[in-house]
Each structure stands twice: as C-alpha cells, then as structure tokens.
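Labels for the chains are A, B, C and D, by order of writing; each one numbers its residues from 1.
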Amino acid sequence: MDTRFFVTWMEEITTAVHAGRDRLTRLDAAIGDADHGANLDRGFTAVAEALAARPPGTPGAVLVLAGTTLIRKVGGASGPLYGTAFREMGRALGEAPDVPVAALASALEAGLAGVRRLGGAEDGDKTMVDALAPAIRALARCAGEGGEPEEAFAAAAAAAEEGAKATVPLVARKGRASYLGPRSAGHEDPGAASTVLIVGALGTAAARRRPRTG
Amino acid sequence: MDTRFFVTWMEEITTAVHAGRDRLTRLDAAIGDADHGANLDRGFTAVAEALAARPPGTPGAVLVLAGTTLIRKVGGASGPLYGTAFREMGRALGEAPDVPVAALASALEAGLAGVRRLGGAEDGDKTMVDALAPAIRALARCAGEGGEPEEAFAAAAAAAEEGAKATVPLVARKGRASYLGPRSAGHEDPGAASTVLIVGALGTAAARRRPRTG
Amino acid sequence: MKKLINDVGSVVTDTLRGVAAAHPSLRVDIENKIIFRRDAPRPGKVGLVSGGGSGHEPLHGGYVGYGMLDAACPGEIFTCPVPDQIVEATTGVNGGAGVLHIVKNYTGDVLNFEMAAELSGDEGVEVMGVLVDDDVAVRDSLYTAGRRGTGAALFVEKIAGALAESGAPLAEVARVGREVNARSRSFGVALTACTTPAAGMPTFELGGAEIELGIGIHGEPGRARAPHRKARELVRVAMDAIDDDLPLSGETLVMVNGMGGTPLMELYIVFAEVAAYLEEKGATAARRLVGDYVTSLDMQGFSVTTCALTDELARLWDAPVETPALRWGR
Amino acid sequence: MKKLINDVGSVVTDTLRGVAAAHPSLRVDIENKIIFRRDAPRPGKVGLVSGGGSGHEPLHGGYVGYGMLDAACPGEIFTCPVPDQIVEATTGVNGGAGVLHIVKNYTGDVLNFEMAAELSGDEGVEVMGVLVDDDVAVRDSLYTAGRRGTGAALFVEKIAGALAESGAPLAEVARVGREVNARSRSFGVALTACTTPAAGMPTFELGGAEIELGIGIHGEPGRARAPHRKARELVRVAMDAIDDDLPLSGETLVMVNGMGGTPLMELYIVFAEVAAYLEEKGATAARRLVGDYVTSLDMQGFSVTTCALTDELARLWDAPVETPALRWGR
C-alpha cells in the first residue's frame, strides 16, 4: 500500500466516524460521558484537513501527521491513545514508500504497544485494546498465509467487530466506564466500537483504490 | 346567628379550603404563582387554631380574630385582603351577640369595602371582588324578602359561584394575573374561586348547626 | 417531584437552618423567619429591610451584610412575608436613624409591607419605602397592578446599602434607592417552568421547542409563548424591550441572571451577546454581574437587568460589600 | 434540547467571549481557549494551571485570579483540554519559578496533562503536578483508573494558590496541594441527568422517584440507582461514605456543591444536614461553601466535599482571593 492508500484510509475513517458519531456518543452516554463521537469526529475532521493542507510524502508520514493531529485536537482519553497509536505506527513504517500487509500488521502492533504503555490496559479491561488486539492478530495471520490485502482487511474487520461485541458483558477496569463498576457490564465499549470503524476503513479504502469492475 | 355559628362558619371554611387546596393552587398556577391553595390552607388552619386557643365571646370578635390571623399568617395578596375583609366585618358587627341575615349582609358589605379600599379592584377586574360582590347582593336581597337564613345562604353561594365562573373570560386588571395581559382570559380567578368556598361555608355551617331530621 | 428537602412543610425553616449554619456573619431568627446582620442594629445607621417570597435565592437573605441589607424576611415559597415578620425585622434593625423597606411591586408584597410600615410607625420607627418595578415586560397603567419588581431589587439593595453604610440619613438613602429603580429595567425569558414543592409539578408546560418571553420571577407564564431560538436572538428580544422603554446609553450596570436551573456556561454565552448589543447602542457594560442572583427555584432561563449609572451610583456600586452572595472590597 | 446557545459547535468559544466581556481582570485567549490572569506571568511566582472539560463552570475559569489560578484551560464539553493548549498556558504563566499543574484524575486529563508537562519541559519550564482524586464513590485499586477528581480540585487551587501568592517555591506549593488532596473526600448524588449540547438529550434516564448515588461530574450514571428520599437521609449516605473512608474529626472545610440545576435553597437544606452530621461526629464545619462550584451542566443534585484542616491549610484558605467565583479579603 502506498502513500495514497494511507491518505484514503484516513479519509474513510473520517467518513465512517462522522457517520457513526451519534452511535459512538450513545455508547459513551451509557457508560461514559457522551462525547466519544464528538471527540473523534472533531479529531478526524482535523486529520483530513491537515492531510489536505500538508500532503505527506510517505505512508509513515501520513500516520505520524494523523496521530499528532489527534493528540492536538481530540483531548479526552481517546485523543492521546489513538494519537499515540498512529504516531507509533508511522514511526514503525519509517521511510518505506510502499507497505505490504505484513509490515502494516507489525506497525499496528507497535501502535497497540503504545496504547498499552500509555493507558496500561490489559486484554479484557473493556477498552479499544479488546478490538484492536484481535484485529492485528487476524491481519498478521492472513499476511503470513500470503492472501490478498482485501482478504486480510476483511478478516481484521471481522475480528475487531467480534472483539468489540465481546466487550459487552465485561466489567470495565480502565477509563471512565470503570467508575460504574459492575454497572458497566451489558454495554459495548465506545472505544472498541470506534476501533471497529478504524479497522473497517482499511477495507473500504482498499475497495475505493481498486474499484472492482462488473 | 350566634357566636357558635360564626365559629362553625370558620371551621367549615377551613375544611372546604383544605379540601379545595389543590384546585385553588392549580387555578393559581395557570395565571398566578401556584400558591393560593397553600396560602389559604395555612391561613385558615391557623384561624381554627386561634379560635380553639382563645374562643372569642361575640360574632364580631370571632371575625376580627380570624381576620387578624389571616393577615399574620398568609402573606401574599390574599392574606391582607381576606384578613381585612374579616376584620372589617367583625368591626361592623360590634358587640352584637346575635346577628340576623340582614346585619350579616351589611357586615359583608363593610368587608368588601375594605377589600376595595386596600386593593383598588373594580368589578370585572377578575378578582375575589367578582364573586364577593354578587354574593352580598344576593344575601341582602333575600334578607330583605325575609326568608330563612338557609335560603339566603344558598342564594349567596349560587351568586358567588356564578360570579366566579364569570371571571373566566375576563382579562385580569389587578393582582398577579394582570401581568399575563390577554393570556389571563380563559381561566377562573383563584381568589374568586376561594370566595365561593368561603360563602358556600355559610350554608354548610347552618346545616351543621341545625341538622335536618328524616 | 424530586427535591432535596425533608418535608414540604419545613422547606423555608430548613433553608434558614442551613443559612445559619453556613454564615456566622448572619444571625438567623428561625422562628420569626428573619435573617439579620449579626451586628444589627447599628446605632445611627439607617436600617435596610427587604423580603419577599422564598424561592428567589440568593435574594434576599444572600444580600444581608456589610454595605447592603440589615435584615431579610423570607416568606413561604413565592409568597411574600407577613406583616408581623416585617415589623419584627424593622424594629430589630432600627438603630435610631429609621428603616428603609425595599419592596418589589407585587400586590401582596406592597400590601404586607404597607401594613408593616404602619405598625412599625406605631412602635416609633420611622419607615420609608422604595418600590421596585423594573420589569418592562409588563405595561404600566393606572388600571393594572403596574410593573413587577425583579432584578433591580439587588441593585437598589447594593447601592442604597452602600449609602446607608456611609452614614447618610433615611431620606437620602430612599432617594438614591428610588433613583436606582428609576434608571433600571429588566426582561426575562424562560426555557422551562419551575416546580414549587407545594404544587409538586411544573407551573406550566412548555413544548420542546417553546419558550416564554417576558416572565416574572414566580414561575408564572410570560407575556407570550414563542419558538425557541439562538441565544443571540433571544438577547435581542430582551434588550430591544429594555431599550424601547429606556434607551440604553453610557455607562451601564448590567446583570445577566440565571433563573436557578441555568448552567453558568449559558449565562456567559448570553452575556457575550448582551455586551455586543450594548456596544451597538453606544453604551458600555461598565459594571457586570453574571450568575444566579434572583432566581425562580429550578427554572431554566435568564433575565437581563440594566441600570444607567451616574458617577454617584457607580461609586456606591463599587463600595465594599460583604454578604454571602455579593462580596468585594473587604 | 433547549439551551441558551448560538451553535452547538461554538459553545465553548461563545462562553469564553462572555467570560472575557464580563471580567476585565482576566485575559482570555479565545483562539487557544485559555483564561489567564491579566497580570500573568508574575516574575518569581509559581504559576498555577488547571483545566478540564467545560461544563463544570465556574471550575476552572472562575478560579483564575489573585491567590488562586494563573490560567485555566477549558476543553470541549466534558472533554479535557489538548496538550498544545496546556503547553501554551504553562509557558504563558511561567514567571521563572516553575508551574504547577492541578489535574483531576481521569484517564484523559492525566494523559493530556502528562504530554503537556513533557512538552513544556522541553521548552524549559519546570512543571510539577498535583493529581486530585477525592471521590470516595469509586474504589481505588491497582487494576482500575483509580478515584475520580471532583470538588477537591477547588480546595487544592485555593490553598496552593495562596501559598504560591506568598512566594513559596514550586516544590512547597506542590507539597501543600497534595496534602489538601490527601485530606479531602467527596461524594455526589444526582436527581436528574444532564444534557450535553452535542448529545441533545439527557445522558441517562431516571424515573420520577429514582436517584443516582456516587456520581462523578460528567453526567455519567453513579455507582447505584436508588429510591429518592429525604435530604437528611441522602446526606447520611454521602457523609457515611466519606466518613468510612477518612473518619471526620476536628476542623473541617466543607463544601455543599450544586450540580448546576439545583436551587440554592435546596443546597442550604442539604448544608443544614451536613453540619448536623459533622457535629454528631465531633467535627466542626470550620470553613464553609454552599453553592454551585463544580457543576455538570444542568444536572440537579449535590455533592459534598470535606477537607480535614490543619492550621496551615486554614490560614491559606482564609488568605485573600480575588477571582470571578471566589472572593474575599480584597
């Protein structure tokens, strides 16, 4: 995947987050403070603007700019966490002009490590980690099997989706939802839900870049 | 009517106002400040207590004590107005130990004059005056015709009722309802409604004093 | 109805217990329902007494203290105090120089304060009164109860209080109080009704996109129901009404007041528009208050009160004041 | 949703315009969303910076001024500020003696302030932090985000601010701030949810006789839903939770705080019960605040915050302060 792909990925995230804004906010209203949709919508709108204003030259630079913009614009818990994730991904990609799926998977792994380091969340704490970690595993597995990127992205999206759904019965141990104690069970984690959109946008970006014919 | 009758009248008012409290408050909520029921309930409860604590020796003394108590306990517009009405009535009765209907009618006339002097309301301003004035006219008319007190009281109650109903279409020109301007039309005046209870209690007091047989 | 109360019947008394516990600078006579300055009466100083229905907190109890009121008489919720209570407050703050009654223009308040003034006179206290009637939503006329008293009560209390503190005689204090009232105008807007503990339900029902224009401070509906709109446009309605009645110009004392349930954030948004409006008219917001000062229980909405300052009024406004709700210079 | 706003997107900016117009003692950087003391930076004085989501007014902007904060960074509604904004505030108030960050313990606030502290360090500003985590409704544990920061933020700002004003060095100011936090506890109760402009509807639904116990300040539900009851009993629930965590005794600083939509009257009723509870425990309400200090937009409810005073803390609490929302001694 080239620089253009990564810009498209960011655009697709922006579109998906904007469309999903109200749902994310509703999820956050149930166990948080009703701003997750607004936070990410504001953040990715700024990312799209930043990319348009100063188009970066490498996939890594796209992700670093996106991450920095999220840190600067979002606030909340998700701003530094997603921001750090994208920055670490970008750094992992270095100057590479083209990124195979396997390299993307390792970069995402680096991003996840950043999230873990900053937020201290373990698997099953009912956070974005619970969607991101299985998505990365799926992506890495497909890359190892040497399939098409589209297949890998679809598998990652499905795994993220499943991971997010699996947060429903969990009791939150990190973030704002943890204040609710046992009452946090029975609701999907908003950050896991937004991770589904972010991972899912890989597939839509790929589809947009290579429109299928007939 | 003797001193005992006037004490009974006050008791009947207390009962009627207590039972009608919510309705008076609802009427006041529509065009005032939702306290008329609470005001009069507090006031007449205090009147009943005062009469029980220091039973007066004449009809006039009963009314003066009732009026003074209302002034001391009610506040609002209705406190001084009804308080003055009863005090003026009591003064008009002087030391008389027994009060015929005609004398009661003149005493009520003196009470009404007090209300007019204090509040400056004319007929048709959508106030308690609009129920009290016709009630007194009916009472005086019956007294002139020499009928039974019960008949006179029934006529007075009917006139008060009619007067109160007639306040519905009026635009208020005095009291809190006047602030609403044209929007005060379409609602019964709460003070007129409480006057209906006060005048109506004359009849129930008389009935209680002379229980009908079979 | 969910309220932080113990019993509907003890709301005012329980409030006074809290005021007494919270403010050692006050002496609260709970039985007679009077909030006194602890050092009242002050010999030789004109005493200031105000009062009115409860439910407008911090009015009036929050304005008792140095440089403002000597006593406040809270009535039941939205019901003015009774004469006995006012007489007790009046004699209790009389330091020999007479007492000023600051009365908001409502039939009940006027009647009860008049009776109290007469009775206090019988007890040898010289009493003068200032009638506050600043609300431009109500048209004044010979045939009505006249304009309501709302936010300007606070202005009168502060400015007359400062003059009294300086040792001025009763007639002077009354004169300045009346001048403040004459130069003040208010207009109020409700987004929601309020719920009195006794009624237990909202005093009126408003649709999700409806508001009341020209409300008073007792949860009564306003002069007109209208569609909700942007803060900027609501401010224009309120300020136009004020400006039509007394054109805005020069140094102006401005209060943007919440009705009890309005977030402070929204009051600042309103204030930004009020300041812009004044500038447009060539006036300046020379002195400013933004917050809950004269409320209607839990109502959401706002009112604006303006006072065209003179040098004397500005100086008295700036003079030190130390009360629970207004404090500066000490 | 009926709110006094112009546009959902401009709520914070419009608020800041109002703050700027209302308080000439402040300098408001509207673009960067920072409220500064007009005289910041003060050479040689430790700078105090706090911030957090908007919607808690007067926290934090209302506490900027002499003897308290040097700058406040308001984020979007219920969303903490971003690092750039905090860095700008930090460098803007640095008078060479370093800057104290006062941070409420929420994942977002902690992360964003940490990033800002690092970046400010890069720019040569010495930064120390005080983490406020006073809310006993949340059980602290290694495996959770820890206790929330709520009302004690105001106590830390006042007391650390007074020490900074006296010229104390950064480490001392941080030390006293941490001591205040360690001695403070809070518990909150909601009668209603609040409505954020972005969501446009209440953050949760409560039945007509239900309340939430152990709420935070972001309109989130509490630890438990429970039936509504008398103020006296609600206060007992809140105070028991505090007393269980840190037994109440001696001279206590107490705040009864409204959540934004609570009538002041009800807060006084609550305060009366809080004072009675303290007395029962042999403690005294030696310093008191009753009112809206740390709010959640239009939520109805209250919180109680206590701080076990020492002589030093009492003296610093009493020291002069001059901010829009807290003012005495000047």
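Here is the rule we go by: contacts are C-beta pairs under 8 Å (C-beta built on N, C-alpha and C of every residue); 3 or more make two chains touch, one makes a residue touch a chain.
Every value quoted in this text rests on a predicted model; they were computed, and no experiment measured them.
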Centroid from C-alpha atoms only, then distance subunit B to subunit C, rounded to Å. What do you get? 32
Between subunit A and subunit C, the Cα-mean centres are separated in Å by 55
Taking each chain's centre as its mean C-alpha position, how far apart are subunit A and subunit B in Å? 75
Two or more other chains in contact with one residue: find those residues in subunit C. none
Hey, what residues on subunit B touch two or more of the other chains? none
Connecting every touching chain pair, does the picture come out as line, ring, star, complete or other? line
Touching pairs of chains, which are they? A-D, B-C, C-D
Subunit D touches which residues of subunit A in the complex? 25-26, 29-35, 37-39, 42, 71-81, 118-119, 173-176, 178-181, 183
Could you list, by residue number, the parts of subunit D that touch subunit A in their complex? 53, 75-84, 106-108, 111-112, 115, 137-139, 143-145, 148, 196, 198-199, 203-204, 216, 218-221, 223-224
Complex contact set, residues of subunit D against subunit C: 1-7, 11, 14-23, 54-55, 57-58, 62, 191-192, 208-209, 211, 228, 230-232, 234, 260-273, 275-276, 285, 288, 290, 292, 295, 297-298, 300, 302, 327-330
